[in-house]
Every structure is written in C-alpha cells, then in structure tokens.
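All chains are identified by letter, namely A, B, C, D and E, in their written order; residue positions are counted from 1 within each chain.
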C-alpha cells in the first residue's frame, strides 16, 4: 500500500512523514546517514578513498604523473579533479561524455581545491620550468543515492591526505629524469574542508544529507563547505529563497558537521599508520 | 528552435521590388548599411554593427608548442560561433552548414591570406610560440554576417597587443604589463570580405544583403580583398552562372568598399587610441547613452548601511560557533553524539552516524569483523570468522 | 595554460565610474538592443558589460518537454574559447535562480531560453549576467513571480568590504561573494562565493548587498517605465 | 585548444613517473614460488557480494585479492528506437577500467581493450540468459574494474552473471570463469597482472607456448560458453589448460551459489 | 492608496482588492493577463501598464513580441506544411496552430480550398489553451468567411511588437488615420504582431510599412509629423 501511495504522490508521502519530524528512512531532519570511510583501498593509485554516505558510494583515486609546467607558471604543478557519474550508478545516466551534473560536480571539486588552498601547487613542482607533478584526481560514483557533493568532498580530501609520491629528480646538466619508487613522500595537505548539503522541501523544511528521492522533490538546495571555524564556500544555486535565520542555521550545522567529519578522517588515517 | 517561415507574399514582393532596382530599406544596390566599429576595454575586443547585424570579436593569446610542420611559426585559431543568440534557427553547440562555411571563409580570409606575420609570434623555435585565438560571436543576424565578421576580426587583430616576452637561454619570461608595454601584432595588410548576392539568373546584384534578401537570393559571390587590390579569396555559391564582366565589376566594387571600410577601421582605432591617451571613457559601457527611450542609465549610487559587525575578528565567528553548540542545534544533535562519534571498524575504515539505509558494507550493530573481512580480504585469517561466502573460499584455497 | 585576454594596467586601475568602497558603479541598460529575439538587453555595470536575450514561451525540444510547466534553458557564452565546466556551473546556477523566479506553470510544454553573452568582464561579471538576464525577461514580458537582483561584494585582506568590485578589486580580494535577492521580500535566492571568509563577513556582505539590491530593483522599474510609458 | 570541453583538463601530455624507474621484471625461467606466495595451481581467495548498488535492478561486487570489480544490471528496459525492436531481448555490456585501476593511468574514454572486453563478457553471458523471455526490451550490464591485478575478464564474467541472477533475470545457469597463464612448461593458475605482463613480454624469446587462456563455463549444464586465449599456444597445451580451467570453475561455482542463496535469504528476510 | 491604474507595474508588485475598488470591494472583479490572485492579494506577473475597464476588468497591458494564443483572437498565420487534411500554420506561438481544410468558407471534402505552403491566412483562434495545440479557423459560427481566409494578390507582410499591433487595431489609431488621409491602402492586422499592407504601388507599400514600424516609440504629434514627411518622400520617389 505504502509503495503505491509513494508512487502516486511522492510529495504527499513525504509530507506525512515530515509532519512528525521523521524521514522515510527513519532519520531526523538534521541527521546524516551513516558515513563509512575506507582510506587506501586501491593500491594501484597514489592515493585513494572510498566513501559511503548511506547508499551513496564514491570512490576517489589519485594518479600522479609528471609533465612540463605552464610557461606562465613555471613553479607550479597541476591538480585535475574529475567526477564520473557512470551509467553504473543510476538508471538516469547514459554512457558517453559527462553530462551537465557531472561537469558541475567536477567544477565544484576544482573550486574547492582552489579556494580552500589545501594543496599548495608549488609543492607539486619538481624542477622549475622543467618538471611538475600532475595529480589526476578521479572520483567515480558507484551508487547514486543523493548528496553526491558531500560524499565527493569527503572522498577527495581523504584520498589527498592518503597520497604519497615517489621521489623524482631531474639531472642538472643532462636533464634526464630519475624516479626512486622505494622512497615515498606524503603529500602535504594543509587543511580539511568538509561540505554539508541541505535541500529545501516544500518551500520551508530543511533536510540535511538528502537521499535521491528527497533531492527529486526538493524546491531548493544549499551546500556549505566549512574548514575549521571558517567558511570555504556557500553555494546556494537558486531555488526557494531562504530567510537569514534559515541560512544561519545551515551554517551552524555545517560548522558542526565539519568538526565530526574531519575527526572521522583524522582517526581513520591514524588507524592505518598504526 | 523553429524560425518564422518566409511567406510567399514577402518573397514575391521583395523580388519584384529588386527588379525595380529598389530595396526595402531604401538603399541603392551597392550601398552598405551604416557601419559602427567600437572597441572594448580589453585589447583586441571589437564590436561591429552593420545596420542591425552585430558581431563581437575577441583576440586572446597563450604560449604553447608550435606545430611540428611549422616549427618557426606561431599559431592562429579562428573560431566562429553561431548560437541561438543571433537567430532562433541556430543550434547551440552543433555547427550548421552555414556555420562551417562561415568559419571556412574566415580562415581563408585571416590565415591563408597571410595577413598576420606568424614568424614574429615564435618565441623559441620548435619549442615555444604564441597561440593566437580569434573568437567571433555573432550577436544578431540581420543578414551579411560574413562581411561584418571579417571587419570585426581584422579590427580586433589590429587592436590587439600581446604581452612582451624575453628569452635568456632556456629561461623564458612573460612580462607583466606593469613591467613592459604589450607589443602589437605585425599585420601586413587588412583583407576584408565583401559578399555580393544575385537574383533572377544573376540579372540583379546587391551587396550587403539583409536577412530577408539572403532568404530569396539565388546565389552569392564572396570576394576577399585588401585595399591594395590583392585578392585573397573568391568564392561563388548557389546555382547560377556569372559572366566574366560581372566578376570583374564585383572586384572593382569590392575595392572601393574595402578601401572605405579600411579607412573607417583606422579611424576607429585612432579614436580609441586618443580616448585611452586622454583617459576618457572607452569600451562598450559608453555605447549606451541612456537618452534613447529603450535605454536607461543609473549614475553610481552610494549604498549606506547601518553599522556593520566587526568582520575581521575571528572571536566573533568563534562565539557564533559556540552558540551553535547549544539550543538551536539541540533537536538535530541527537543521533550524532558529540564525542567519540567515530568508530574505527578496521585498518583504514572508519564511520560515523547511524540510521538511514545502506545496502553495501552495512556494518552497524552487525559484527564489525564482517565488514573488516569485506574490506581487507588480503588477510585470509579474517575470513574464517566470516560465514557464508568466505568459508567457501577457505575450501577453494585448501583444495 | 588557458588562452587569456590582455587588459592594459591603466584600464584596470582607471576603475571608470568607481569611487569609494560602498558604491554601485554606474549602470546602463539598452532594452531591445537586438532584433531577432523576444527580449534582449545589453547591460553595463561600470566597464563590465553583458548581453542577454530571451526566447519564450517558445517551441521546446521534445526530450526536454515537461507537461506541467515550461522548461527553462540557460546558455552562457564565454567571450574566449568554448564553454567549459566552469561555465556549465554558471549556467546551472543562473538556471536554478530563474526557475524559481519564472512562473513556469503558466506555459507548459514550452521553453523559455535565456542566452547570455559575456562581452566585457571587468569585475562582478556574475551579477551583471543575472541582472541582464532579468532585464531581458522583463523586456520579453515573461511571467515571473518576482524579479531578482544580484550584487557582488569583495572582502579585502584588511577586512574592508568593496561593493560591486572591479576586476582589480576581485584579484586583490581574499574572497568574493555574490548574493541574489528576490524583489518581494528581499530574501536570499542565490549565494555563490569564492575564497575563505568568516561568518561575520558573510553577514556584513549580506546586509550591504541587500541594501544595494534595492537600488538595482529601482533601476529595473525606471528602465521599464521609461520604455512602456513612451510606447503606449 | 582543449580537446575535451566536458572535463577538466591538465597539460596536453604527461606520463607516469615509473617510466623513469628501473622496472623490476619478474623472471619466469627459474621461478619456484609466485610473488604472492601462492603455489602455481592455487586460486586466489574469491569474495563476492550482491546488492551493492541501491539504484540498480541487480548488482554485485567481486574481489580476488587485488582485483576488484563492481557490476550493475539495469533492465529489462524498453528499447527506445522502433527499428531495433526484436522478439529476442537484447543484452548490452559496458566494460570500464577506472582511470586509477592499473599501473599506467587510463583514459576516461573507453579504449579498444575495454571495448574488446565488453564484447567478450557479453559473448560469455549471452548463452546463459533466456533472452527470448524479454521481447522488445534490453538488459544493460555495466562493469567497472576498480583495481586490476590480473584476470579482469574472468572476474568481470562472474561478477556480471551474479548481478544478472540477483536482478532476477531468467537464466539457464550461472557463468563461472577462470584463467590460466602459460609460459613454456610453467602454468600459473589465476595469474596476477605482474605475471600476465611478464609472460606477454617474454613471448619473443620463449618457445611456442606463451600466453593465457580464459574459459567461461556453465557448471550445472557443464557447457563452455566462451574461450579466449592470447599469446601463442600449441593445441595440446590449450586443450590441457582448458580442462584445468573448467576444473577450477567447478571449484569456484559453490562460492557463487552460496552468495546467491544468501542474497535470496536476505530478500526473504526483508519481506517479513 | 488606490491601484496604480494607467501606471507601470512590474512582477512582484501586489495590491489588495480594496486598493482596486475602494468604494465597494464586494463587486465581482475579473483579472486579465499578467495578473493573478494569491491569498486575497492581486499579484503582478508581467511588466506593463495596469488597465481597467468597467465594470471590473483589470489587466496588464504589456509590451512583447512573442504571441501567446488566446481564444477568439484574429491572427495572421503562415502556412508551414500540409499534414493529411490539416495545415500546420505558424502564428508565432510556441506551438504551430492547426487549420482544417474544412474550416474555409464553402469547402467540402470534394472541393478543398486552394492553399499552398507559404501562403498567409487571416484566421480566428477556435481553440487556445495552455495545455492544447491551438486551432484556427477561417469561418465564423455561420460558416461565413467574413474577411477571413487566404490573403492573396500581392501586398507585404511584416512583423511588429504585439502592442504596436494592438495600437493599430484601436479605432482611434492616430497613425492609420493620418496615413489614411494621404494614401489609399488595404491593411490587415493580426494581434499576433503580423501586419499585411497593400497600397497603390510597391513604393507606397514600403513607405507605409516603414512608417508603421517607425511609429512604435513616437507620440501622436511626432507621428503626424512623420506622415507628412513620408508622403512628400513617396511622391518624390514616384516621380523618378
């Protein structure tokens, strides 16, 4: 019965739940789904992490390569994030080049890396004007059940913190390159930005960490990326206008979440080193 | 998007009218519509209005590797964009027949005419050279995009300056504009395209056709020429035959037009230069006067706000954060206990939070080992505790 | 290395029509500046200019058709090079913003498409795009629940705030925030930010931007009145 | 100019740092123990799990030590184009390595090897699926290899057949696959990437027998649905090793069986 | 404060029923295009000038180029294609209108009207509804054409903004009056912003076309002035 009701009028179905401040997957409005983090799960990548946010699953792998730096930035390396929403993760995606959403996510990742300055591009330089690191950061969605943005940021940051590079040297006079795979240098990641996404349901109710169903019914969305006590980004693309109080509330929760999540990353990393 | 079709009555009327040596907008057969050339604030940005047809051209540059085939030359890209902006029938992204022909002609006009000295764009032969890029955006299509585009493109190139570079051994430095003045491109000559349209077996000829005239035309001849009467392209399209005389006549008309337009371009360049020297206002913002009925102007307005919070002290935001800890948050906080939220399941696997559904790696309550096994199969030892599949693999291994 | 345009230093410095920090640069609008579209406008804020055009309610592509409301499409056209993911993101933000503003349910099975051409980015380009799009929609008389106005604020390292920043201001600023408000109760419709900032700074920016938005809305009203009253 | 405007692009050309490292080549001629300590005819532990993709009709995850793959099945979906209507349903397969799954970085676009593997997986599975039950409709299989350490093909086949089964697609039988790498007299069951590589490199100087053979097998029908072999193998060797593969398949079968039963039990549990 | 009738309103503006009719708010009122009732308030959706007609009709007179079909409108359409026994006609709306070959005066299954693709028809909207494809007819309720049908033998068709078309349709239209004093011409105006003009000769026709287009942003005196100039110019042109 419930199924049919859900099919027929999803909106009403959700309303019924939200009337008593609970969500169909018996979460509270402000509650996250369980977040599982598995760091260093792919040994072929220089750095990797798998994040599960409820059902939503993102795997991030970082492949490091070397290239000649740009003429106008001879002392800098490259970070190239890309998000892949493969047809595997949801029936709504088709094979072929990335769609709008994948592109927007990729861009969000790039912006996150740039504004949070968690990686100093100059650290990625090997020999000025000659050789720099290129970090190909690829995030693959394995299960698309909403709030991919948060999962991606978590995976991205964890993978970066897990990344270590072999030592590469350029011979001064001959100019030929030597790699020593035995000595690995961990990549320095200065900070740990964490994103928190909300949707607006029915123009007034705020839901944190939405599932795919919830996202489909949303009348607006907002993503806040926090780092320590600071805000790295507030991203509210249109949708229902929010009151200042609502915005403040979102920021509160985002700051809180950022503490928890960075704690998660930190402790998980320690557990590897042990 | 679908474009409003041309009705028969319009078609017949226009053709008759042309047969009477008249045009809808009262021009003579060999008249151009009035031409307006304006430059943007950024260098190499040119906006051309030909009647109501509008084209924007922007030149940009980057340092890259030269082509293997021509290691001593820079590279010039020409990109013509026909978007629905100009006219509903143009598709976004997909290049139409029209678009391809257009870019082809522009390339012939700008690249194959060798109007630009590419060698001067080489920095280190075979390694580094300037890549120039001309982006041509058609903003409004009221006919004769081609001529308009060629004017915009060539003016933009003439207006452009590239940053100066110096090479010491292998070290190349691109100087900021503070350090050194940017250098102009060395433009040998200014080729322009003039298109002639023909009606009723080439009996009547018009230049600078309007969009309606283009719709009813029979064929078209494009002459690419500079003011020294050097021909750089000549293309005839459409199903009609032309007499030798006509071609010659066209070329001589083209010459007069090209000379006139070249003058106009130089004038415009000069005006822009003067304006910049005097520090007058220049760029597109000035184009809109605000005295037209449809245009409006808002002088710069001071915005007053009552006293703001002191923004740059962290203490503030800190405090606001603390308060986040208490009452407004309460209802959300349960479910995620503050301390020791993190649960380390196995090496490199941690989790927080409860509730919600998860089909893969569903750990909570269930023995964490199971997940451990699932994630870290390298340790077969772990597998033993795991029932189901892993037992099987014990078997597998034992055999 | 991406292809870049060259702007003279003095032009960046000149800050034409720019005075103290809390000033909106002079604005000009030219409604119906193009002929082939249902609505078109070229808007300038200081030296930043952009052209926006609107078609609609017009024929919709079958795969995008919605039976209960109009489909809003946005195309953003950068001046240099082909559209890249960054522009896709911009399109997405602009589209979502106007999906909220446009009364789409009045024209089901049709498309309302907005096309924006960047013509000169001398700072606060995003605001200029939003505002020009909104004016274009007004020019095309597309039904809207409310109008929107965008205002950009730059935060300098020293903590000083610059309203409607120029390119120079943006490059010097530690972060740049753009707010979009609705015309009915001036609530926050859209926020996009670039660079780190504190909570207080967000609030202050909000207050300042909201104040500025009022005069932008006033500008819309004047522009429309001028055109409409003359042509009645 | 950027070739791919839909992705973020780095510099035009970049290469792996390990191209400049002295490569430690595994010497096969006098190999008495395998690098991962297995005996020559030992299989790697096989781990399987169903229902890993919530959005898919059926899905599964496979892990053979360092080889990890995930597969999702969608459908039966209606075919959109009228012209490819057919009374027999159509099965499609899309095989992809993640860019970071191998030692050398892979491209986003599907390359020839991936296309080739897609076809091989498809051919191995088609005989097992009752396609006549799904007229005018298509069933899509998507396989992503998260980490590649040899035997990607057999892993993919098993993963996919399990996913199909868990999707409730009617099948005659599960498909089990196994592969053996041959290098002269030496045969390596269930080879790792390192071993595969070593053999392919060594082909030049060794005698005729150097390569690998993969067999897909329908255990309960005891039929072979596909054989793929690369390198050069004499008929006898091929024959001998096929038998070996089939034997291995039979040993693997119960694992798939159990996993599927577990999956069913879970479903039942969920119902009540 | 009373409703700003005759003034410019823009989307988001609201006013109460009371404002509309301070004297008696019980009277029934009718909201035309551009207005919508929301929580006992009248909300403006489109920019334009608020108009009022007795007894209680309010609407926003706005300025646009895109035509949105409304039942009973008389429009000029361009026949775009023939599909079976209907014509697809472009009337400038988001969807093409359908026109049955039977809805012409005197047409039967036997003798179909002679209509070619590209012809222009003057027709009335029979069905106009946001959820349905618009349908136009060239006959009135009694099966008479009364002026509707295919427009033939010459003349020139051009497009204007919709409110200019409405201005032309206004019997008090200064432009047409003052032009009428000077020229002889046929004109038919569709509310979808399509205007067809035919005068004594092509030169005059074009002169009229241009003057109509030019009149868009002119007040009445300027219009009169312009007409004078035009007629002079035309007579000069006709000489040579």
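Here are some notes:
Here is the rule we go by: a contact is a pair of C-beta atoms (placed from the backbone, for glycine too) under 8 Å apart; a residue touches a chain by one contact, two chains touch by 3 or more.
Predicted, not measured: the structure shown is a model, and the values here were computed from it.
The set of chains in contact with chain B as well as chain E comprises C. The minimum number of touch steps separating chain A from chain D is 1. The chain pair with more C-beta contacts between its two chains, of C-D and A-B, is A-B. The greatest centre-to-centre distance from chain E, using averaged C-alpha positions, is reached by D.
Centre to centre, using the average C-alpha position, chain A and chain C are separated by 28 Å. Centroid to centroid, with C-alpha atoms defining each point, chain B and chain D lie 44 Å apart. Taking each chain's centre as the mean of its C-alpha atoms, chain D lies 67 Å from chain E. If you average the Cα atoms of chain A and of chain E, the two centres end up 54 Å apart. Residue numbers of chain D whose C-beta contacts span two or more other chains: 1, 6-8, 52-54. Chain contacts: chain C has residues 1, 3, 37, 55, 58-59, 81-82, 85, 111, 182, 198-199, 203, 227, 230-231 touching two or more partner chains. Within chain B, residues 2, 63, 133, 293-294, 314, 317, 321, 357, 359-360 each touch two or more of the remaining chains. Contact residues on chain A toward chain B in their complex (touch as defined above): 21, 25-41, 52, 54-55, 57, 70-72, 129, 143, 208, 211, 229-230, 249, 251-253, 255-256, 260-261, 263-264, 267-268, 271-272, 274. Partner chain E is touched in their complex by these residues of chain C: 37-39, 55-60, 103, 106-111, 138, 140-147, 182-184, 220-221, 224-225, 227-232.
Chain C makes touch with chain A in their complex at residues 1, 85-86, 88-89, 91-100, 175, 177, 180-182, 185, 187-199, 202-203, 206.
On the side of chain B, the complex with chain E involves touching residues 2, 4-13, 16-17, 20, 22, 24-26, 293-294. On the chain C side of its complex with chain B, the touching residues are 1-11, 14, 16-20, 22-37, 42, 44, 46-49, 51, 53, 55, 58-59, 75, 77, 79-82, 111, 113, 115, 117, 119-120, 122, 155, 158-159, 161, 163, 198-201, 203-204, 207-208, 211-212, 215, 219, 222-223, 226-227, 230-231.
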